[in-house]
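The following blocks contain the structures, represented as structure tokens.
After this come two complexes, each holding chain A, first together with chain B and then together with chain C.
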Partner chain A sequence: MMYLADVGALARKDLRLELRARDTLPAMLLFVLSTLVVFHFVLPGDSSELAAKGLLWVAIVFTALLGLSRAFAAEREQGVIDGLVLAPSDRSAIWVGKALSVLAFLVLAEVVALPAFALFFGGVDGPMVAGIALADVGIAAVGTLLAAMAAASRARELLLPLLFLPLAIPIIVGGVGASVTSDPGRYLGFLGLYDALFAIICWASFEYVVTE
Partner chain B sequence: MGVAGRDYSGMVIRARGVEKRYGDKRVLRGVGFDVARDGFLLVTGPNGSGKTTLLRLCAGLAVPTAGELEVTPERGRIGYLAHESLVYRELTALENLDLYGRLYRVAERRERIGMLLERFGLWDARHDRADSYSRGMLQRLALSRALLHDPDLLVLDEPYSGLDEEGASLLDRELEERRPSCAFVIATHDPARIAPLATSKLVLA
Partner chain C sequence: MSTWLRNNRLAALAALAFALITASIALIFFYAPVDADGLNQKIFYFHVGIALTAYACFAWGGWKALRVLWKGDENADLESYVAIHQGVIFGALTLVTGSIWARYRWGHWWEWHEDQLVLFLVLFLFYAAYFMLRFSVPAGPRRANLSAVYALFGVALVPVSILAIRLSERFIHPVAFDRYGPNMAGSQFFTFCVSWAAMLTLAATLYNVELAGKRIDVRLRELREALR
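Entry: the complex of A and B
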């Protein structure tokens, strides 16, 4: 119970910071919407639904990357991560709290992006939404760990995409597969497995990322 | 004895031949000292001599490259003041201390936060965001945060930095009051102010 209370306090803190600073979610919304608008005008009128859905996934991954690059900004700027690491609470609670807030921002961006996609390109269905939901969990889990690693580096803006994008490839494969095939179950199962596996790995290894 | 029920018999910190390297750069070489459970170690030295690195080692935020370093209090019983305030700039003083109070399992959290804010003269500004604070107010908030969980070991890096005379006097009083119940490791460029409290001194070259 104490662990969940810590996670709740840390996640609430991130949401409160965003409500006040408004430096992550607006940027994510602007990016995903402008990307969809650009795709809408550059794709030929007779282009396939597959191309549109593929581009949606590109937009989602890079929108997530934008959010992840800011995930530990507040902790980095005032050395707050040291104060959190020294607390007697389980350090993995920092990761869970942060991953939940990253997930919340990503879902909020998609709540706006998916209707825009439906308006421009059509074709948002259940399997596609389920694929996006499962992909969000994986992106938040892996991305938060990698964002913490990158935050400790001076080359964080370069390091985060270098670490994150290769690990996001299975998510894109699973998400696109769930969106375009007639048998999405296989891909949704793959995404679920990816989420479970990487959530456990990230949860267990976070302590080693934030300590020497 | 730090708090009731906690008895660190012997030394709180024991360091022998501690060395710290970052890549090829050796920041600390062969540092050794002891801090008793009611000890007060004053660390001085010029810029770049490794004071901050040594304090991070004592706080458990870094590990030595070589040598032995034993710090008895567990991490939740260490109060750490760094150059940075370690508080969220977009949160108020009250919100910052409440978050830390939860994570550090502070009993009677609200009363303790109120007492510290009163003591450090921040009560009237408790609902103001930390980014509206002056340097001195931020340092007072950082001190309140470091003292919040009534630690057994206080590791303070330049605690008088940014404080006006009133703030410095408040800190003097706080250190004197805690002196019998807490071990201290304090790095400062102005050792004269706290030299009377110190039981040992470490000069880093």
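Entry: the complex of A and C
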């Protein structure tokens, strides 16, 4: 129970910071909308709806990257991470709390992006939304751990996409499959498997990322 | 003899690798029969052996990474890095040989439905990022931990990517070809085993050479620090 209280406190801290400073979420919203507009001009006029659905996944992954690159900014700039590591709680709680807040930002960005996508390109259905929801969990889980890694390096924001994109390829395969095929069950199951597997690995290994 | 072996392990390993590679080349060109695909099938013995060796290197790197996190083994960090370095070299060779084979087999340099090749591209990108990570963190226990965690991600990424690529392939390309099939002739299988063993020994030799060099490097730096 203490663990859940720690996680809750950490996630609340991030959400409250965002509510007061508003430096990540507006950027994500604006980014995802401008990406969708760019896609309109990227696609030839007679391209199929499937191409637009595929590109939506590009927008989601890059919007997530934008949010993730800021995920540990406050911790790094103010030296908060040392305090969190020294706090008498399990270190993995830092990861769970941060992943939850990242997930919240991502879902909020998509709440705006999906209706916009439906408006511009049309065709948002149930399996697609389910695929996006499952993919968000995986993106938040893996992305948060990699963001913590990138924050510890000299290259910082530059490194995160390089670390993240190869690991995101299975998410994209599953997500695009769930969006465009007539048999999305297989892909949704695969996304669930990915989420479970990588969440366990991240949960178990986060401690080593923030300690020496 | 046994003391000589102990003192010259690396030289003996290198000699074994040389002998095995010579033997495998001889077997490939003079012993293994030319099958229905013609001469281009010969690259199979190099390509698959190299690919499996790359997997072995990545697995060894993952095992050493686990040792870093689990036992706090300080030597394991360098070993894991060197194993992954060898894995990337063999992985790049897999991409090149696979591409050449695809050109002569199917007429294109790149085949997206060649799922092993796509998998190696993903792994190549992943492990290239491993080096970026490693080179942008100052040396020390922190770097050892970060590299080890990322290397373990690689071990999980391999089966997940295989699954993902299989899933997507059935959707885009309903092509079910088995390249060499289960009914490989005995002589072909023997040749393949020898060439795989040759590649593994070569990788082990290179691994030990690089490891020795890196260790001397570290030792030299320590001595220089001590003299300062």
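The working rule: the second predicted complex is superposed on the first by the 210 of 212 C-alpha atoms of A that agree within 3 Å, B and C clash if a C-alpha of one lies under 4 Å from a C-alpha of the other, contacts with A are read in each partner's own complex, and residues count from 1 in each chain.
Everything that follows uses one rule, which is that contacts are C-beta pairs under 8 Å (C-beta built on N, C-alpha and C of every residue); 3 or more make two chains touch, one makes a residue touch a chain.
Just so it is clear, the model here is predicted, and its values are computed rather than measured.
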Looking at A:Arg154, would you say it contacts chain B, chain C, both, or neither? Reply first, second, both or neither.
second
Which superposed partner A:Val80 touches (first chain B, second chain C, both, neither)
first
In this superposition, which partner touches a larger number of chain A residues, chain B or chain C?
C
By the touch definition at the top of the document, which applies to A:Glu212: first (chain B), second (chain C), both, or neither?
both
Those residues of chain A which chain B touches in one complex and chain C touches in the other
211-212
Where on chain C is chain A touching in the complex?
69, 122-123, 125-126, 128-129, 132-133, 136-138, 140-142, 145-146, 148-150, 152-153, 156-157, 160-161, 163-165, 167-168, 171
Of all residues in chain A, which touch chain C in the complex?
142, 145, 149, 152-155, 159, 162-163, 165-167, 169-170, 173-174, 176-177, 181, 186-187, 190, 193-194, 197-198, 201, 205, 208-209, 211-212
Applying the document's contact rule, which stretches of chain B touch chain A when the two form their complex?
59-63, 74-78, 80, 82-91, 95, 99-100, 102-105, 129, 145
State the interface residues of chain A toward chain B in the complex, per the touch definition above.
2, 5-6, 9-10, 13, 16-17, 20-21, 74, 77-80, 82-89, 211-212
